[in-house]
Amino acid sequence: MKSIKLLTTTATAAVLFAGAAQAEETMTIVSWGGAYSASQQAAYHDPYMEMNPDVKIINDESSAEAVAKLRAMDEAGNVTWDVVDVVASDAIRLCDEGLAMEIDPDEHLAPAPDGTPASEDFGDLLVSDCFIPQIVYSTTFGYRTDVAAWNGNEPSSVCDVFDLEAFPGKRSLEKRPINNVEWALICDGVDPGEVYDVLGTDEGVDRALAKLDTIKDDVIWWSAGAETPQRLADGEVVIGSTYNGRLFSVIEEQDQPVKMLWDWQVFDLDGWIIPAGLSEERKARALDYVYFATDTQRLADQAKYISYGPARQSSAPLVGQHAELGIDMAPHMPTDPENAKTTLLYNYEFWADNRDDIDAKWQAWLAQ
Amino acid sequence: MTDTTANGAAGSQPDSGPMLAADGTPLKVSLARALRRQKLRALMLIAPLLLFIVITFLAPIGDMLFRSVENNIVPETLPRTVVALEQWDPESGEAPGEAVFEALQADLLIAAEKKIHTRLGSRLNYETPGISSLFRKSGRRVDDMEQGPYKPQFLKIDEDWGDVEIWRTIKRYSGAYTAGYFLASVDMEYGADGPQLKPEDERIYLTLLWRTILLSTVITVSCILLGYPVAFLLANLPLRTSNVLMILVLLPFWTSLLVRTSSWIVLLQQQGVINDTLVTLGLVGDGGRLELMHNEVGTIVAMTHILLPFMILPLYSVMKTISPSYVRAAKSLGANDWTAFWRIYFPNTVPGIGAGAVLVFILAIGYYITPELVGGTSGIFISNRIAYHISSSLNWGLAAALGVVLLALILVFYWLYDRIVGVDNVKFGG
Amino acid sequence: MADGAADEYIVRFENVQKSYDGETLVVKNLNLNVEAGEFLTMLGPSGSGKTTCLMMLAGFEPATHGEIYLKETPINKVPPHKRGIGMVFQNYALFPHMTVAENLAFPLQVRGMNKADAETKVKRALEMVQLPQMSGRRPAQLSGGQQQRVAVARALVFEPDLVLMDEPLGALDKNLREEMQFEIKHIHENLGVSVVYVTHDQSEALTMSNRIAVFDDGIIQQLAAPEVLYEKPDNAFVAQFIGENNKLLGTVKSVSDGVAKVDLEGGGTVEALAIKCGAAGERTMLSIRPERVLIAQEDMPNRLTGKVVELIYLGDHIRCRMEVAASKEFVVKVPNSHAHAALRVGEETAIGWVTEDCRALDVR
């Protein structure tokens, strides 16, 4: 602990400036950057600053390393972030580590316009005591429509990803076990309802990896969400997984010959956390912002700019048209009934317990 | 004797003890005193830098390295449980008795109050999967527990509390220090009879370590092969031309690493510039495009390019100091161009090669962004795993242990290098 | 040129020109013959072209125009390592990563000599330069003088007919330099090898050489034996450059029978040998060596009055600086003998010289 104190003192000087800046009513909001941050700017930040002219929002694009950075800030004893956009699994981790403050949805969040309390409006999506859901996104597949070797066929099932004979070509998959092993098991004949029971055993993991082995030589792995869309656009791969919003932008905004394959898309959540240990003043402001930014209308507004589904049930009917393209956004939402015939929801508890273990096997498998 | 000292006849009696200064103090003391001021002043000049290095470099590194063995979280969060567990023998095959559960209840109550039980759960989950949710769940309910006995109540929350494996893990990691991270960093774990290798399908770090060394060596050798002629050219061209060339060499330094790596992606990918050119020229068929990235080739090519300046600069500065008269002398003595180069010029550039190689190798061994982007699965380094454990899995202890292994590796290489080439032979410049 | 005469020459420069930038000539139309066994020195200030000539001869610089012959073979297209010329460099250029013995063995190795023979030769060469005990050392462990000797030994160990030396003693202190001068001279005499030696130090050149080529501005100003250069300089540059010289400026009054009458600028008329002074009415520089000036003697053809400005006692002679005619730097070396009355500063005295000792030269 002494060593941590040492770190604390050394880092204090470095963050003094940040501390000074806080006095001028600035609020640092951390998010993912790119189109996603832009949608938040338009739907949340701009209207909020209009309503509160004395608050200035500073954007930080560190969400990818948010957990590690928050832990480091916490150890240094000076947290400079006010509101942080993270995926649900990270929120759970931050909550476990005591790095995020607990939120009482009915006390801190706006009820739906019809008076339904927030806890009901968000429902099951409140996966952690610290997590304020914002959007539902999914990890799913996109494929090129102009592959000559497919003889005019198009993949219709996630298992076509594993079918090299009917659909030859390079695949782009995420360089982590999550999602990939679930799909592998489903396509290996495991009942989708029992996927996590199977995965909980060593044999189940081996079975998933064995299935993935059949396409391993044709897989290019990705670690950043932008990689698959780029590879699809370049023709470097013929099919690949990524976030559905990224594919929307390739298909609708960039007009590439790419189509969505929604089969067994994996829902995941993204939302806000407020770091633990903020001063009362900063905490109040952060809560005020979050109350505003997660109300029914605001969540529906964000869908004008990006094709992610709002986390409130009450927002769904309010989703309208894309702000620039003018197309209806509802059919592009992962939650649209037409798209959500077969879905998985990211199993937070399972992965919190088993991620380290399966990841070790996964890495060993990759390195073979 | 007093007389001599009073006269200040220092050194007039060399046989009668230490030399004395004029005032009778030993000459050595006197000299040290005179030099102390000078030393203090010199120290004051470097004090700001020294302080800066200690605070911003040595202390954080030391702290990070300390994490590779530190395990305070277990004894601090579960002080009573740890003591109670001392009586329990894991070999008994049964979960501990009520005494341990009573201690656990007391510890967990306080921990849940402070909200640190989940943190302990994440820590122990690195060792045995499932502990994370076990603690999260139990921490939530420990508040509502009734007066003992506690064992059945815990088993009711989760039957995993009756699992010997869970308790074995807690007992094993109950000390304030642990070698567990270091074992993990070399693909080992605690087994029934002490440390043993992990099952084959979970071994990764030794493979990665070996690959890191191998690829770094290949990259270093490529840098020598490509950098040597360039440095030679730079050192021997007229100043005006060599300055322009030098700017070209340094240009990559002024471009962001990501941009440079991304340009390599554009060049190397299967639908990239190089493959397109080869197909257009008819050298390869459209179906047989070469795999130049997402494997070790990509890592080697991109990293050789990125690290090349670190080879060229020390080589250049050493070559610049080699008088052209050496080669002329060799030729006048009858050596042809090749002999003059190989027997005379080349040996004199070895210190530059040494400096460049050390620099490139050490930089290469710690790289992770470029391998991550172009290395696929077969071209990634151990640093990629360190980065993963720092930013994704938050297993900083393992990351620190891997860092120590890497550091030790570099020191071993440095020692080897010293034995083979001699560190005195390393020159970064004239 | 007659073939018989040609055999005598080990090196022949024929109309050689050299330019680095294509605009100015560093060496202007050089013609020079080096006789076998000769010690020839190229002497001149820096930038005079002497080193360039040496480099062309060694093969490190190509001649821009003209041809160089080595034993009557044109060598312009022969690479340096096939010329078989030994060379001693300014900073010795001993290979720092090799021991003394390895340095010496290098030229023998590249010639494919077997190890035993090479060792014998190296040993003999080291004995020649009196360093047999140093064979295992690195150059950096040797003193400047020792390095110099090794460099000489290395240039000679493969028994070349010709050795080039590029200011080899420039980095040594004065005493060592003088010692080495004699040593090199003796080696040359003992081995009978031809030496082309470059230096800017005229006393070095005078000490060692059979002949000296005085370079200036890319031209050989005079090529002659040391004593000739000193006693009979052909022009003002050589007179000034070699040894100490008194110069007096004046105008030629008349020339007859090789003797010029000259009106000095400070007043007075003297006679001098008309070497390069032009016709009557032209300006000229008179050159007379300090030791040839006579003081306070009767019946001298050329008499002037000098005022003593400074006296420096140098043991064997007294160096007397005087004001003579328009020159304040007129130096006379007065032998330290009873015959000479002691001079005093401020005193005026008569000086003079014999006509043969004074040369009327060009004005530069």
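The first chain written gets the first letter, and so on, giving A, B and C; residue counts start at 1 in each chain.
The definition used in the following text is that a residue touches a chain if its C-beta (ideal position, glycine included) is under 8 Å from a C-beta of that chain, and two chains touch if they have at least 3 such contacts.
Here the structure is a predicted model, which is why all the values come from computation and not from measurement.
Annotation of subunit B and subunit C: not jointly contacted by any chain, touch as defined at the top. The most centrally placed chain, judged by C-alpha centroids, is B.
Centre-to-centre, using mean CA coordinates, subunit B is 64 Å away from subunit C.
Computed centre separation for the pair subunit A/subunit C is 87 angstrom, with centres defined by C-alpha atoms. In terms of their C-alpha centroids, the spacing between subunit A and subunit B amounts to 31 Å. Subunit B contributes residues 55-56, 59-60, 62-63, 66, 72, 115-116, 118-119, 121-122, 125-126, 129-133, 136, 198, 200-204, 207-208, 211, 269-272, 294, 372, 376-378, 385, 390-395 to its touches with subunit A in the complex. Residues of subunit C that touch subunit B in their complex: 58-60, 79-87, 89-91, 93-97, 106-107, 110-111, 154-155, 158, 164. On the subunit A side of its complex with subunit B, the touching residues are 1, 3-4, 6-7, 10, 64-65, 67-68, 71, 93, 95-98, 170, 175, 206, 220-221, 223, 231, 234-236, 349, 352-357, 359-361, 363-367. Every residue of subunit B that touches subunit C in the complex is listed here, in rising order: 323, 325-326, 328-337, 339-340, 343-344, 347-348.
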